[in-house]
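Each chain carries a letter (A, B, C, D and E) given by its place in the written order, and its residues are counted from 1.
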Amino acid sequence: MASALTLSNIRKSFANAEIIKGVDLDVTQGEFIVFVGPSGCGKSTLLRMIAGLEEVTSGDINIEGNRVNELPPVKRGIAMVFQSYALYPHMTVFENIAFPLRVEKLPQAEVDKRVDAAAKVLQLDQRLQQRPGTLSGGQRQRVAIGRAIVREPKIFLFDEPLSNLDAALRSEMRVELMELHKRLGSTMIYVTHDQIEAMTMADRIVVLSLGEIEQVGSPLELYHHPDNIFVAGFIGSPKMNFIKGRCTQSANGQVEIDLGELGTMALERNAPRLAGEEVTLGIRPEHLKLEQSNFSLSITPNLIEHLGIHTILYADVPGSEAFIALFEGEPGAEEGTPISIGFNKADVHLFDSSGQAVR
Amino acid sequence: MASALTLSNIRKSFANAEIIKGVDLDVTQGEFIVFVGPSGCGKSTLLRMIAGLEEVTSGDINIEGNRVNELPPVKRGIAMVFQSYALYPHMTVFENIAFPLRVEKLPQAEVDKRVDAAAKVLQLDQRLQQRPGTLSGGQRQRVAIGRAIVREPKIFLFDEPLSNLDAALRSEMRVELMELHKRLGSTMIYVTHDQIEAMTMADRIVVLSLGEIEQVGSPLELYHHPDNIFVAGFIGSPKMNFIKGRCTQSANGQVEIDLGELGTMALERNAPRLAGEEVTLGIRPEHLKLEQSNFSLSITPNLIEHLGIHTILYADVPGSEAFIALFEGEPGAEEGTPISIGFNKADVHLFDSSGQAVR
Amino acid sequence: MTELARSASESTATASAEQKAPAKVKARSQKAMIDRYTWYEVVGIYAGIALFLIFVLAPFIEGFLVSLKPLAQLFSTPYNFIPENGSFQAYFDMWNSVPALGLHIFNSFFISSVITLMVIAIVVPAAYAFARFEFTGAGVMLGAFLAVNMFSGAVLLIPLFRLMRSLGLLNTYWAMIIPGAAFLIPSSIWLLRTYLMRIPRELDEAAWADGASRLYTLRRVILPLAMPGIVVISIMTFIGAYAQQFIFALTFNSKTEYMPLPVGLFGFFGRQEVLWNELMAASFVGILPVMVVIVFLQRYLVAGLTAGAIKQ
Amino acid sequence: EELSFTVCGDEVDPTWEGFIAEWEEQNPDWPVATEAVGWGQCQDKVTTLAAAGSPVDLAYVGSRTLKQLALNDLIVEIPMSQEEQDAYYNYVPETVSFDGTQWGVPVAFSTKALFWNKDLFEEAGLDPETAPTTWEEEIDFARQIEENTDADGFGLVAKTFDNTMHQFLHWVYTNNGQVIDDEGNIVLNSPQVLAALEAIQEITQYSEEGPTAYEQNEVRAIFLDGSLGMVHGAISTGQLATEAGINWGVAPLPLGPDAEGPGTLLITDSLAVFNGTGREEKAIELAKFLTSPERQWEYEQSAGLTPLRPLPEVTTMMEQDPTWVPFIESIEYGGPEPLFTDYQGLQNTMIEMVQSVVTGQAEPQEALERAASELERFK
Amino acid sequence: MTRSQSATLFALGLLLPATLYILAIVAYPLFDTIVLSFTNAALRPTYDFIGWENYERIFSAGNFTEVIIRTFVWTFFSVALKMIIGTCGAVLLNAAVPGQTVFRILTMPPWVVPMAIGIFMWGWMYNGQFGMISGLLQNFGLRDSPLPFLAYGNTAFWATIVTDVWIGVPMVTIYLLAALQSIPKDLYEAAWTDGAGRWYRFRRVTLPLMVPAMLTMSLLSLIATFNSFDIIWILTQGGPSGSTTTMIIDTYRTAIGSFRYGEGAARAVVICIFVSLFCIVYFRAVRQLSKGQIR
C-alpha cells in the first residue's frame, strides 16, 4: 500500500535539550496510528512537527512521497484537532467549521454544502447556529473534528482530543471517532496517554519514551509480545506485575529462574547467554488464576477492590513492587487472609537484565 | 455504631430553583461514603452544605448528635479537600499544611510535630519547603489532604479530589486514600463522578439524581441490585444494556416478556400488576456469554475493541439503544459476522414502566 | 455590548475548558455563607467605604457647593457648608461667560475619540506582537516602550513644539492628538499584552493549521476575542486623553475653536475675578458625559482588567 | 499681508476692535489678525512661539520681559523720540528701556495704593478717616486691629507667585530702595531694602494666618470679606469693595524712614514687535497707532487702567473720582519693575527671600545677602 | 526563510507603527533634549555647544541634592499612600454589600475629571480663609484660627502629596479590585473551613496574593508620580520656600520659566537617568519578590 507519511531520522532540540532523538516511522495510507508514552516523552512535539507547527531540527518528513519540511500546515494536506479543541469562541459552530473554507475564499454555496455535509456526519446539524460556549464537551470535540474534516485532508492529527472529557463521554467519542475513521478512510495519527484509547483505536501503536520509539506494532502485538519491560509495563491496565529473579541455568531451550522465596521456575526459552543474569518475570494481573495452574504462589491481599465486573487484589510479594491480581466476578478473597493463586507459564514474559524481552 | 452525621430532609434552593429536594442520610462513624451522580445533580452543593460553606434552605444537619446548621465550618469538626486543592500558592508546603494550626495559634513545636507527622503519612517530608507551583498533581493533592489531616477532624469531605489527575496517578492516589482511611478511621464523605472510584472506595455509595437520592447501598448492592433503571445505568461500566419489551403475562411468580424480534422470555418474578405493561430488561455487558446459556440471541458486531484483557463488541439490537457485550480475553468474533451470544436469566434485571426494579 | 459580554464569557469558558468539560461559572445570585457579615462587620465596611468615598469625593462636594454659591458668598467667613440661597444660576451663566463651552466639550470628546482610535490602531498589533512572538529584543523593546512613559510631556515640550511646527501641525486638532496619543501608547501596550497572553495560543495555531495567514488570524480570531480587553484599553485611553492632556493643548494650539475642555475652562480665569462658581459648574457639566460612559462601562472595566491582573 | 497680534485676556477690548477697524480702513493691505490668549499663558505662549522661530508680529507683553527678549534678539527696538517720552508720566518710558533705547510701547499701567477698612479701624479704636502715612503707623495700626478685633491687621502677600515680588517692591520703593541701579549693579543689599524686609517681618504677625498661601487677589478677597484692616491694591479694589459693602478708604502707600516722597511700583505692559517677521515696521506703526494719546486714553477708560500720560483729562478724572488721586500722585516717585535678563530668576529669588523672612526661616539680613548674591546670575 | 524568521518579520511589522510613532514623537524630541543639554540654548534661536557646563552647574547649584532627596521622599510617600488607600479601597469595594456597584462608580470621578480642575478644587479646600477643611474645622470648633495648608513648608508638602494621591487612587483601586476578583474563591473557602477569620484571611491569603498586582501598579504609579507636575505647579509652584520643589518643577522652572533650555534639558536628562536607575532597581526587586508566587 502507498505510504502516506514517512518520518526519517527526525530530531528536535529545544535550546540544547534534544527532545526527539531520531524517529523513523512509515505510515500507510488509511492507517490509524496512535502515539503513546509517558508525559513529556515528546508525543505532542512529534505531532506538531508533522503538522508543521514546529520546525524539524534534522531529518525529513515526507507526505505522499514529497518532502514537506518547509511547507506550512495547510500545504501539507494535514488537519489537526487540538487537545483543547481550539474552537473560536466568538464564532458559531457553522463559522468554526467553515473557517478553513473561508480562508480559501470558497463561494458561499460551496461552503454551505461542505459544512452541512460535515455537520451531518458529526450529527451537528441542529447546533450550527450555537456558539461553542453553549455546547457540551463531546459536541465541542465534534466541532473541532468538523473543522478538520471540511478541509478533506490526507492526514488527520489528533493531540489527546478526548483527555478533557469525562469517562462516559470519552468512551462514546472513542467509538464515534473509530466509525469516522472507517467512513472517511483517511490516515489518522492520534496522540494519547490513555491505555484504552490506544488499544481500541489503533491499527498500530507507536510507544515513545524519552524521545525514542520503543516499539511499533498492533495493539495485541504489544499486549502479547512487548519488546521490552517498558512497553510491557506501559501497555495493559492494571499494570503487569514484575518479579525480580536470577537465571540459574539456561540450556536446551530451557531456562531456570530462581525467584528467591517464591521458589524456582523453568521456562521454555532458547537463550543460553542468560545464565547467571538478573532477569525479570512479567505476569499480567488478569492472567493470575485462582484455579490450579503451572505455577502457584500464596499471597495475602492487603486491599481488595470490588468492581462488580471484576475484583482487584493488592498484595506484597517478595521481589515485586506492587503486586496486583485481577479476577473476574467476585472470588471469595478477603483482606488479610492468604490465598493461593497461580498462572500458566505460557503467560509469563521474561526480560533480561537490560529489559529486553526474551522470547 | 454511633451516627457521625445525619441529614434530615435537607433542601436547598438557589433563587427559586430547588437544587436539593429533601435528602435524608445517616452516616455511621468511620464510614466511607461516596456521592455519585451526573453532573449538576447537586453533589457539590450537598457537600458544601455539610461543610457549612453553603446555607441550608430547610432541614437539619446533625454532627454527632448536635445540630450544626448555624455553625461555621471549623466548629463543625469537618475538613474539606477541594477539587482544585485550593492550595495557597504563596506558601510553602509546610505552611500550607500548617495553616489550620497557625489559625489556632498553636506553639511552633506543636505545629512542627503535627505537620511532620502528616507529611510522613503522605510522603511529603522531602517537599516541605517547596511551593505548590513546583509540585506534581498528585503531590498537590497530598498537600491538600495534609492540610485536612492536621486538624484531626471528625469528618473529611472530598469534592472530586482526583478529577484533575491523569489516569495512572488517579488509581495510585485512590489506593493511598483508602489506606489513609483505614489508618485514620475517620468518617469520610467523598464526591466523585468516577465509577471506579465510587465502586472501589465506598463503604456505601449514595446515588444522586436531580437533587434526590436514588439509592444508598454498598457498591456491590448497587451493582447487583439496583433499585431503578437510573442506578442500573449509572453504576457499572460499560453501561448496562437495556432492551425494551412488554409483559404479556404475569402469574404464579412468573412473568413473560415479549421482546419483539428477539422472541419472548420468562423470568421468575412475583409481580402480577406487571401484566400488559411496558417493561425494560437490563443485562450487563459482562454477563453476556459466548457459551450456551438460558437465553440466546444473535448479534452482528459492528465494532470490536480489543483491549487484551478483554474485548468489547458493539452491535445494533432491536429494542435497545447501544448494545454492548464484553468478553474476557480474545474471543474469535469479527466485525460484520453475526455471532450468537447468551446470558443467564439470573443476571437479568427487570424494570417496570416507571423504571423501578422488579425483584 | 451584549455581544461583547457574550464573547467574553465564552472565551473564559474555553480557557477553563482544560479543567473539565462543563464550565462551572456560578452566578452568585445568593450570598454564600462566607460572605455573610455580622452587624459590626457591615458597619465597619460601610464606615470604611464612607471614609474612602469622602476622601475621593470631598473635592467634588466642595466643587459642587461652590458651583451653587453666588460669587460673593464664596469669599466670606465664617465658612458655610450649605450654600445660603444657593442656586443653579452658575450653570446658566457659564454659557455666557465662556460662550464656546459647548464647543470645548465637543472638542474634548472629538480629540479624545480620535486619540483613542489611533492608540487602539497602533496598540493592538504591537501588543499582539509582544504577546505572541518570541523574537530577540522583544523584552528590551517592551522595556523601551514603557520607559517612554517616564518622560512626561512637560520635559519634552520644546523639542515637541519644534517638531509640531516643522510638521506644520500647530493650531490644528492634530497638534493635540499626535503628542497626546504618543504618551498613552506604551502603558496600553503593556496592559493589552497581558490580556492577549490569556488567549490560548492554540487558537493561533489552529488557524495557522487551517491555512489562515497571520493577518487573517489577527483579524478574524484574535481581535474579536480581545474585545473586552480592547474595550478596557479604550476606556482608559479615552479617560487619559480627556482628563489629562492639558499641556499640549495649551502650548501647541491657540485657536479657541479647537480648544479642549480643560483649556477652555481657563476662560474663567481671564478676567478681574475668577468665576469660581461658573468654573466648577462648567467642570461638572464637562465631566458628565464621561461619567455617563463610566456608569455604563464600569463592569467591563473591572472585568476586562481582571483577565490580565494577577499574572503580572 | 496680515499682521498677527496677540492680546492677553480672554477677549480683545472693544475699543481696540474699533481702532483696528479704523487701522484696516487706513491700511487696506495690512489686515490685522488678533488673537486673545488668557493671562495665564499669554506670556509663555508668545515667548515660546518666538523661541521656536515662528513669532507673532505684535504682542502684548509685560514690560519686565523686554530685556530678556531683546537680549535674545527676539524683539526689535522701538525708539521713542524725546517728545514722545516726555508725553508719558515720569518713569513710564523707563519701564520699557534699557541700554538707552526703548523696546516696547507702553500700553497699560497700574499703580498701587493702600486701602483700609474704616469699620475695622473704628472697631479697633482707630480713627476711621485717618490712614497710616508711615510704615511705623501702618504696622502699629495693624497691631491694634489684630489685637482689638476678630480681623487681621494687614494683608500680606507671600505666595510663590509673581505679585509677591511686586508687593515687596512697594515697600522697597516707598523707602527709596532699589534692586538694581542704572549702571546695572545689584544694590539690593542696602539699608533701605533691609528696612523694608524688616518691616515685612514685623507686620507678618499682624497679618492673616499663613501669608505664604496667598497671592494678591486672594488677599483682596479676604479684605472684601471684611476680615482685613489694610491691603495694598490696584484701583479696581475700590469698586469691588463698594460692591462687597465695605466701608473703605484709599491712601498713598505709607512711607519708610528713608522715603523722599510718595512711592509705588510702576508696572507697565507693552506692545512688543518681534524680530524676523519682515513686517516689523508695519507692526511698529500699528503699535504706535493703537497707543496714540487719544486712543490710549479711550482704552484706559474702557479697561479701568491708570493713565500713562498726564493728559488734561486726568485732572478732570481725579476731580470726579478722588479715589484716583493716590494712584496718580505716587507715580512721580514710583519705581519700575527691575529689568533682568532672567526675569524668572529674579522673581524666584525675591519670592524666596520674602518667604524665608515671613516664615521665620531666616533673618532679614542674611536673606537679603543671599538674595543679592544670587541675583548676580540673572542680571 | 524559515518559519521563525518570517514570524519575527511579521512581529516586527506589527510593531512598526508603534515604533515609528514613538520614535518620531518621543524618541526624537528626547534625542533633541539630550543634544540641547550640552548647549547654551536659550531664547535666542542659535546656540553653542558648551560641553558639560550645564551639568556642572546643576550639581554645583547646591540645592540640587536637596531637590533630589525631596523628590524621592515626595514620590515615596505619594506612591505608598496611593497603594495603601487603593488597597483599602479595593478591599472595601470588593465586599459583598448592597450598593457595591454605585460605590465603584463613585470612585472614578478623580480619574475622569480634567486634572487641572481637580487641583483647583483641592486648592479651594486648602484655602485657609474660605476653604472647606479649615472652614469645617473652625465651624466644629476644632481650630480657632484659619489653617492655610499651602502656607507652611510641611503642610504644603503633604497637601500636594494628598492631592496627588487623590488623583492616583481611583486607577490603583480599580486595578487592585480587578486583581482581587481574580483570586480564586476556593482559597477563601479553604481558609474559612480551617477556621481563619476575615482578618486572618485577608492577612494571610488576600494580601500575599495581591502582591504581584500591587507591584505592577506601584511601578506604574511610581513613574507617574515621579513626573507629577500639574499638581505642584498649580497649587504651590514649588513653594513656599521651595518646600515642594521636585525635580520636574525645578526643570520646568529652568527650561520653560526662565527659558534656559540648555540647562533645563540637562536637568531633564538627569531626571531620566534617575528614574531609569530607580526603575531598574525596582524591577529587579520585583522579580526577586514575585518569584514562585504566581500560580
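Just a few scattered comments:
One rule holds for everything that comes next: contacts are C-beta pairs under 8 Å (C-beta built on N, C-alpha and C of every residue); 3 or more make two chains touch, one makes a residue touch a chain.
Bear in mind that the values here come from a model prediction, so they are computed numbers and not experimental data.
For the pair chain A and chain E, chains touching both partners: B, C. The leading chain pair by number of C-beta pairs in contact is C-E. Chain C has the C-alpha centroid lying closest to the overall centroid of all protein C-alpha atoms shown.
Chain centres computed from CA atoms place D at the largest separation from chain A.
Chain C and chain E, compared by their mean Cα positions, are separated by 16 Å.
The centroid of the Cα atoms in chain C and the matching centroid in chain D are 43 Å apart. In this assembly, the C-alpha centroid of chain B lies 52 Å from the C-alpha centroid of chain C. Averaging Cα coordinates per chain places chain B and chain D 93 Å apart. With touch defined as above, residues shared between interfaces to two or more other chains in chain C number as follows: 20, 22, 32, 34, 75-77, 158, 162. In chain E, the residues that reach two or more other chains under the touch definition are 129-130, 189, 192, 209, 256, 261, 294-295.
The residues of chain A that reach two or more other chains are 72, 166, listed in rising order.
Of all residues in chain C, those touching chain D in their complex are 72, 75-77, 98, 158, 161-162, 165, 170, 250-251, 254, 256, 266-267, 269-274. Interface residues of chain D, counted against chain C in their complex, comprise 9-11, 35-41, 44-45, 48, 51-54, 217, 221-222, 224-225, 227, 236, 240, 243-244. Note for the complex: chain E touches chain C at residues 7-8, 10-12, 14-15, 17-19, 21-22, 24-30, 32-33, 36, 85, 88-89, 92-93, 95-97, 101, 103-118, 120-122, 124-125, 129-132, 134-136, 138-139, 166, 169-170, 174-175, 177-179, 181-183, 188-189, 192, 198, 209, 212-213, 216, 220, 223-224, 226-227, 229-230, 248, 251-252, 255-256, 261, 264-265, 268, 271-272, 275-276, 279, 294-295. By the touch criterion stated above, chain C contacts chain A in their complex at residues 6-7, 9-11, 13-14, 17-18, 20-23, 200, 202-203, 205-213, 216, 220-221, 224-225, 227.
Interface residues of chain B facing chain A in the complex, by the touch rule stated above, are 39, 166-167, 171, 175, 178-179, 193-196, 199-200, 219-220, 223-224, 235-239, 284, 286, 303, 305-310, 312, 314, 326, 328, 330.
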